[in-house]
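After this come two complexes, each holding subunit A, first together with subunit B and then together with subunit C.
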Partner chain A sequence: MASISSRRLQKELKEIKTEGCPVGITLLEAENFDKWLFSIEVMGESQYQGEAYTLMFRFPPMYPIESPAVQFVVDQTHQSPVHPHVYSNGHICASILGTDWSPVLSVVSVCVTLQSMLASCKKKERPPDNDQYVSRAPDNPKKTRFHYDDDTV
Partner chain B sequence: MAEVVRRVPTINDLRVKLCYICREEDRFDNPENPPRIWTHPCNCTLVAHETCLLQWIQSAQSDISRAVNALKCPQCGAIYELESDNPLPLRILNVGNKTLSILGRAVTFTGLSAVIVSFGTGIYCLSTAYGAFALNQFVGQEMYDLLLTHDISAWPWHAFLNLPLIPIALILSRVPLPAAVVPIVPVLLAWPTSTPIATRERILLEHWRSSSGVLGSDVATGPLISWPPSPAFFGLLLFPLVRAFYKSFLIRFTHWVLNTEPGRRPPVMRFILALNAPFLIQIGANIEPPPAARANGQQLANLNADENANRVVAAEDVIQVTGSSLGRLVGGALILPTISSIMGSFLFRLSQYSPLLRRFLAVRPSVVDIPPPLGPWSYSDNWNKLGPLRQVGVAARLVLSVAWRGTRTWTECDPVWWRNSIGLGIFVVAKDCLHLLHLWYTKRELETRRVKNKSFESVDIRELDLIEPAGV
Partner chain C sequence: MKVTVKHWHAVATWRWDTGTDQQTIDEEGDVCGICRVPYEGCCPSCKMPGDDCPLIWGECSHVFHMHCLLKWIGTAASKQQCPMDRRTWVTAERKVAPTR
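On to the complex of A and B.
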């Protein structure tokens, strides 16, 4: 059952521990195979210089056949980055988390993709439908059917 | 050696196989136990367990938005080719299934439209039946038998327009719309002016039988001002007038009783009538600026009042959907004819003790001698003597008379509709009074509300910072 996801996550975790994460990405918490937390920071010159965000992964039992639910943590101490594809509740509109998910991707590769998504941002702004979406968004971003209208992510 | 170079390596030649899906390894010198089938389905270096890959494909194909990627290698984009046992029977079955699902869609479509059509027809029949019932209740059995009878095939054409409109008009009249529909008007205008079914044959018969040749039209005569008022006069003038006057009076009276400021928001009454009382009163109580504010400055009070007015408008939107239940609205509307009938017969019973009331209600014995419709011209001899111009004039008078007073049958009958209308009016007034009383009591309850003050009986007194410490 859950063994598919836990066995694969075990291997991913081992890899992270032996080889370490790419620059700017830090594993904050991986106490179980349901939820992991990463800190993500954009290196070099960018709109988000000196800012660190927390990324939360939630894994369905069928991971990696099913995509993980990934979002930025938003609470009293954490904010989501202001980005045209990131809603203020932390939900991310990125096709690799939805229709373009593939089992070849991994937790680290998702982190790297999102890091570069932030790095390539030209202008800090919220998605145009932010307020509308946030007011009725489900708790789990996977329940949202995003419309991916930008190929740059 | 040469042979080895020419031979293209396959999945079985890999020293280490790493499944790109589950990330499990399989080393050639330490094979998995039990062994699983490996596959290399594309043009790049990715390999996978066949079971893992099939699981992924099946999962991705089950979701329409992901199905395009199901058979595509995520790295090189090559399309996976699936081989499967696909014998003729399965293919036939698949084609059959596809045809059936297309047929199914067609059936769904036609079925749905059939349901809509039959539903509409059902609603129409139901509305018509209800309309007939309402008419029966409103005009009384005697007149109903003359106007409609139970033989549907004999109904006049406008019955099929008028009757189904009755319940709709009744319900609409209770919805607070600016253009309130008066439900009685179409009934009062259409029915009295058309020749009742039952009399149609009688006219012909009489015409042939009478030697003097009475112009056997079903036209009533008499002075234009009559008692009870003619249906056209009542429906077009009296009823709307009384209704408008009553409404404006009720608004003023309500403001006076509830001690709110009239004039600022004329539509107030509209939703007062439609609302659940407690909620409404809260609004009403808010609207009135507190006396202190009034003393501080009228401007502030005005500002508050405007704010409140906005809030009222906002509340109005919500309430129309949530406040009054649909059943209460519809049921309350549809029971009106029955109420009017009950009230009418109650008045009729009362009238037996009061000649004055009897005259007011124009209660009539069933048969009255009606003079020939047009006096001396009613007789065909006289009619023939008239010049063509006079004939046109008389005919015009005939038409006008029918339009104004209704046909003879209508005038001849006991005016049940009149006492029922009066009865309904009394009922409406009584209902509004009761409602107002409820509003008033609720308002008073709200105004007299206080939070009950308690002593520090249950608290340790030493914890309190008292002006005069108890211990001293």
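On to the complex of A and C.
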């Protein structure tokens, strides 16, 4: 039997294909129900004007009861946006990806939240503990217990 | 003219009474926010819609497939909160709406 996640993701994918994504968000790859890639661009005036970042979703079989693992792609050709809540390895400190996840959220709603997190950024800088975190970070950002200490950006 | 009915087929449709009027349902579609399957369908773990895969109402007025909601409430991550408004989930007594 198809897992819970594949049934729900099938519906989300169909909606993305028929209705499209919000402006600035583009589906890059959804070949299976384990991993999807999106491109995120901040529209209008912002610190990230003209920049595009790749967001990777990895889905556990119990999605959406369980939250997806979401991070920016960092490799030879991709970088993570410089933002106080985004580590240089692509990991993101955002409460909706952790303790504030809700199963009524969706892939697109997460993309929109992260897009507006970038849009509201006043100053491009890394989290203060970036180097320390990146040196010992697990592969899966869900294994990190982030401390959400700032809800202004 | 005299007509004799020899044979007839009864056809019926059903839906859960969620307190939402038909027009709103036609416009927005009425789906479980967790699995995104219509209330009249069944949750991803069931094969047959109907009494075996019922709905559950919260005091906060939000409605889900019972199985979907219980899966969520069963996780530590849920903190026993309604997925829609994050208020503590309290299952509502089913109020029977007056028949239209």
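Note that the second predicted complex is superposed on the first by the 149 of 153 C-alpha atoms of A that agree within 3 Å, B and C clash if a C-alpha of one lies under 4 Å from a C-alpha of the other, contacts with A are read in each partner's own complex, and residues count from 1 in each chain.
Convention: contacts are C-beta pairs under 8 Å (C-beta built on N, C-alpha and C of every residue); 3 or more make two chains touch, one makes a residue touch a chain.
Being a predicted model, the structure only gives us computed values, none of them experimental.
In this superposed model built on subunit A, subunit B and subunit C take up the same space, so to speak, and clash.
Looking at the shared chain after the overlay, A:102 reaches both subunit B and subunit C. With both structures placed on the common chain, the touch criterion links A:28 to neither subunit B nor subunit C.
Residue contacts after overlaying the shared chain place A:52 against neither subunit B nor subunit C.
Of the two partner chains, subunit B is the only one that A:145 touches; subunit C does not reach it. In the overlay built on the shared chain, the residue A:43 is in contact with neither subunit B nor subunit C. Only one of the stretches 25-33, 313-321, 367-375 or 385-393 belonging to subunit B has C-alpha atoms clashing with subunit C in the superposition, and it is 25-33.
Residues 4, 7-8, 11-12, 62, 64-66, 99-104 of subunit A contact both subunit B in one complex and subunit C in the other.
Here subunit B touches subunit A in the complex through residues 20-24, 46, 52, 55-56, 59, 65-66, 68-69, 74-75, going by the rule given at the top. Here subunit A touches subunit B in the complex through residues 4, 7-8, 11-12, 62, 64-66, 98-105, 145, going by the rule given at the top.
Within the complex, the subunit C residues that touch subunit A are 33-37, 44-45, 68, 71-72, 75, 77, 81, 83-84, 86. Considering their complex, residues 2, 4, 7-8, 11-12, 62, 64-67, 99-104 of subunit A touch subunit C.
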